[in-house]
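As written, the chains take the letters A, B, C and D, and residue 1 is the first residue of each chain.
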Amino acid sequence: MQIGMMGLGRMGANMVRRLQRDGHECVVYDINPASVEALVKEGATGAGSLEEFVGKLAKPRAVWLMLPAAITGKVADQVAAFMDKGDIIIDGGNSNYRDAVDQAAKFATKGLAFVDVGTSGGVWGLERGYCLMIGGPDDAVKHLDPILASLAPGADHGANPDKAAGTAPFGYLHCGPSGAGHFVKMVHNGIEYGVMAAYAEGVNILKAANSGKADRSADAETSPLSEPQYYQFDIDLPAVTEVWRHGSVIGSWLLDLTASALKADPALAQFGGRVSDSGEGRWTLKAAIDTGVPAPVLSSALFDRFSSQGESAFADKLLSAMRYAFGGHLEKPKNGA
Amino acid sequence: MQIGMMGLGRMGANMVRRLQRDGHECVVYDINPASVEALVKEGATGAGSLEEFVGKLAKPRAVWLMLPAAITGKVADQVAAFMDKGDIIIDGGNSNYRDAVDQAAKFATKGLAFVDVGTSGGVWGLERGYCLMIGGPDDAVKHLDPILASLAPGADHGANPDKAAGTAPFGYLHCGPSGAGHFVKMVHNGIEYGVMAAYAEGVNILKAANSGKADRSADAETSPLSEPQYYQFDIDLPAVTEVWRHGSVIGSWLLDLTASALKADPALAQFGGRVSDSGEGRWTLKAAIDTGVPAPVLSSALFDRFSSQGESAFADKLLSAMRYAFGGHLEKPKNGA
Amino acid sequence: MQIGMMGLGRMGANMVRRLQRDGHECVVYDINPASVEALVKEGATGAGSLEEFVGKLAKPRAVWLMLPAAITGKVADQVAAFMDKGDIIIDGGNSNYRDAVDQAAKFATKGLAFVDVGTSGGVWGLERGYCLMIGGPDDAVKHLDPILASLAPGADHGANPDKAAGTAPFGYLHCGPSGAGHFVKMVHNGIEYGVMAAYAEGVNILKAANSGKADRSADAETSPLSEPQYYQFDIDLPAVTEVWRHGSVIGSWLLDLTASALKADPALAQFGGRVSDSGEGRWTLKAAIDTGVPAPVLSSALFDRFSSQGESAFADKLLSAMRYAFGGHLEKPKNGA
Amino acid sequence: MQIGMMGLGRMGANMVRRLQRDGHECVVYDINPASVEALVKEGATGAGSLEEFVGKLAKPRAVWLMLPAAITGKVADQVAAFMDKGDIIIDGGNSNYRDAVDQAAKFATKGLAFVDVGTSGGVWGLERGYCLMIGGPDDAVKHLDPILASLAPGADHGANPDKAAGTAPFGYLHCGPSGAGHFVKMVHNGIEYGVMAAYAEGVNILKAANSGKADRSADAETSPLSEPQYYQFDIDLPAVTEVWRHGSVIGSWLLDLTASALKADPALAQFGGRVSDSGEGRWTLKAAIDTGVPAPVLSSALFDRFSSQGESAFADKLLSAMRYAFGGHLEKPKNGA
């Protein structure tokens, strides 16, 4: 079937490619003409303006937005201005599910359907397929089924699930009314932060397994390592993360990626350790707070990212100031000099 | 090759079965004669006492202990008393790696090799193979290679890794000197706690996605839910955890198990929520503390288990006592009545 | 000067009493006539309806609302309906500062000033005075100065601060425009949760200092306590919290209350451990999340309260379900039987 | 009475001064002769060697060690070598309570008493007195009572507690057998970390209350701040921490110090934010872990210090590596350029 894709970055462009492989007709648009051009060469129909883009779509139109969360709402409004009753706007980005709830209500008054699709899979989605978490009106979601089924990974190799019993085994799921898709994707990312942090902390401990070999100064500002004999291991991090991939309880796709990254560079020298967050982890925590659900692991993971961005600096200065005030403790220089 | 297995519980018995499938000769012993009997029927050689058990093994003997951590040390000493120079004792249980460091040093003075093997795979290991993290002297570990290779899952289906480049892709790894195996397994389990908690917290948030539908009392002891319109989703937990298994970033074996458990009973009614911990999570945290490595996610996961065991009760009473003291706040009964 | 007080619960009634001690004239109202009656007997002017209440105030009127956060907004609107340009509405409750921002903007269009006053001091405020954190327009806050000064504790005994240099040493502070008062009070309470939890956790550890004396089962579901000789102390909790009050680094008013509560009943038997939260801790965390500031301690304190309310139950069941799925682990009954 | 003090740093020297004010006779020793000289000028009896130091003490001798934890054990052994049955060694430093348990047992075989005194009060102790948490044999502790009473702050101004009912109201407490003093001090410091972090996090959130005024980039790597209108406050941190000192629930000595530090320099420019920890926080957490007591707040506070020391760097690099691997996400430079 036909779909319009707007936003041809990493994610959007690959989704177009995956759809075209399955024979779908893609009309594409991006504010960057080069992005449009590239996909036209691969068989897509390009557009030079928003109006032209919408105009090339057959009714009922289906426009999939794959944009940064910060601008999706505004663009959706612009797209809607060119649309007619029965048309469908799909937000496949990392938007706040609350926007989907609000936008769906607003567009419903114009007869437009708003479908929010949480999309996981990253740069691997072209090859592996995208896991799709969908919110929106039944009719619109049903109408989009061919597109959703093509984007999704499909059933496991060798499995033959009964689609009548649900699409989850095929990698896409209608989770509920508008907002439910982004809500589920939001929590997915919240979990993702927690899982990533669990691996990262564990590997960091493995890395420190040889710290008993290092000299340690004996002053009042340094906690003594009383039993250095138990920290004499030089752990091969790439090998350990590789072995965990085979039969252990913690095998996962994120572990696969971890092992690959450590194999490529055990020191991870190309990274500085400033970890971004793109919103969902924050929103997940807010949902936990609103609903009174404890989420200490997910919040610890999020706050570590904030710290990695330097945001604990003032709090830490204040701790040093208090220590100086009550105990005369001076800060220890980095090298223990 | 021949191996002696002592401790024929869930793990030990299945390891014997997996080894026998590969043609290894297993001599088995357990304080419970019925456990021995069961494996004898499947082709193992049984023993009625520790002395008989060790006596049936050919030199250099290799005895694999698969016992609760609390008794492994004592039993290892008893086994060692019957052994000779060149023999090997393997601890495959969830022992503290520090015991392995100490025991290896002690046994080395008698000429015995001590090999610690962290073993992951649980009840599925018989079928999937066990991920093995190994510490100990090179000779002993090399001698045991046929056993280790049989217990391990082996290479991925279709993969053909070069064993000379390392055994990690086959699911077992010699991680370093005695203690290194249990150290790596310890951190593995620490990570496991964190990953499990990330899923559990996330699913708990999904479950609360409909909390805007519930009435909420408006008193000074209850935080108001200011925007109930955003918490109107009835999420199908089995379906969501299933869809995440297909192409999402958080796909993992623990997620597979989560989806299965929720499919079998979405209310998890058979469980009371009292979560045990078997030691490794604690030791992982202690290692983090000793080496000064931050592990907020892993500690949050561990402490939640302690709380689930009722151990935050007194602290919580004290919080209520303070609230009463400064604000006259009375505790709210469970039903908000 | 004259002030109208609406909401004569624990806080409101005592604030009236404190103001009357200083010679201010209080007009009081509450939906519960008995509460009005009680204060009338102590010299206040009572009112039987909202309209009568506002009618008894001289212009420019000043109405102080001391109500549960969930209803303050609605009541403020009702009060405003009877007011005239130049009048002042004060919200002294634990409202969300965002409501103050919004309400101030709304009321400003009518010429009404909205002043938000975060009020700390609890049931002790009548005697000690209330710490006041104030947001709102300069004129209105200045106009209220006599009231604010009377409610506040005043300068420390023996101190003689220069009021021209600021009112903070007197226990009240104009923190900024509307919303700033409740924002500062919100963070105050967020800190309060963290400080309280620090004491509660520490005291709980002291209580466990004798756990080496207890028997401990030796099974695979129980982490062994390897060095019981170091946990043989029966700590006198009331005495320890008392001694900490004298010269230690952690002396505080919350510690004073803790020591009193433990002295009155070392077992805290009257409390069940279900700890409420009244909103500010949640909002503090949301502010931290919005602004990207790490707050792991404050969030841990909040989430422990949620857990104490039973909200981690499903997550914990899921952990047990996973443990059962991968390892066949059964939950351990509470008594270790 | 007479006391020998060894270790004349910040703490030890001031303790000598406070004792001398109360008429006690102090024999002093330090490896730095200048430190000895300074106190001799103030009336103390100096010694030039350990042997001379012990030799100048009358039997039963009482030697108080005020040394870094890392060397206390070794020095205690050296002192003990010159001592006789009935003599007393006091460890007033921040030693691990486990060392006190072990050392007391060892010295008991020689007839020496070992008394561990947790000492809080920092550089202010000279003036305010030191809060003393004491472990050791009854006879020895009783013998030292005049010294302990002089070091402690004494009863509150105006209070007249009954000493027969316990010494806690005077600021010192015999907490139990050897080790109990350092155990209680350890938990005291664990709490201290938590309380400090609660203030630091809260003040950091206040500092960010104006973040809605800043520009924010709109890209996929930056979480949007959706409601900047609620973050428009420029909070006066010195004034707010000052006002909280007067009548609020969170008044404390640490808050007093915080307000002073912020008043002296609101930017805390002299501090870099590298926060040391001196061991007790670590040991507190280990005790919590050993005894199965949840301590999420205290651990978060400790781990934040580790992070401030740069120890989360590798974990954070690994997070960035994973994000790059699954999503092609590049790290954002510090200035958002």
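Rule of thumb we're sticking to: contacts are C-beta pairs under 8 Å (C-beta built on N, C-alpha and C of every residue); 3 or more make two chains touch, one makes a residue touch a chain.
The chain list, named the UniProt way, goes like this: A, B, C, D = 6-phosphogluconate dehydrogenase (Decarboxylating).
Since the structure is predicted, the reported quantities are computational estimates derived from the model, not experimental observations.
Farthest from subunit B, judged by the mean position of CA atoms in each chain, is C.
By number of C-beta pairs in contact, C-D leads when C-D and B-D are compared. The pairing of subunit B with subunit C is characterised as same-residue: of all residue numbers used at this interface, over half are used by both copies. In this assembly, the C-alpha centroid of subunit B lies 42 Å from the C-alpha centroid of subunit C. Measuring from the averaged C-alpha position of subunit C to that of subunit D gives a distance of 29 Å. Each chain gets a centre from the mean of its Cα atoms; for subunit B and subunit D, those two points are 37 Å apart. Along subunit C, residues 122, 197, 199, 201, 204, 207, 223, 249, 253-254, 282, 290, 292-296, 300, 303-304, 307, 311-312, 315, 326 each make contact with two or more other chains. Interface residues of subunit A facing subunit B in the complex, by the touch rule stated above, are 97-98, 101, 120-122, 125, 128-133, 152-156, 166-173, 175-177, 179-180, 183-184, 187-195, 197-199, 201-202, 204-209, 211, 223, 225-227, 229-236, 239-240, 242-244, 246-255, 284, 287-288, 290-298, 300-301, 303-304. For subunit B in complex with subunit D, the touching residues are 249, 282, 285-286, 289-290, 292-296, 299-300, 302-304, 306-307, 309, 311-312, 315, 326.
The touching residues of subunit D, counted against subunit A in their complex, run 9-10, 68-71, 94, 96, 122-124, 196-197, 199-201, 203-204, 207, 218-224, 226, 253-254, 257-258, 260-262, 268, 271-279, 282, 296, 300, 304-305, 307-308, 310-329, 331-334.
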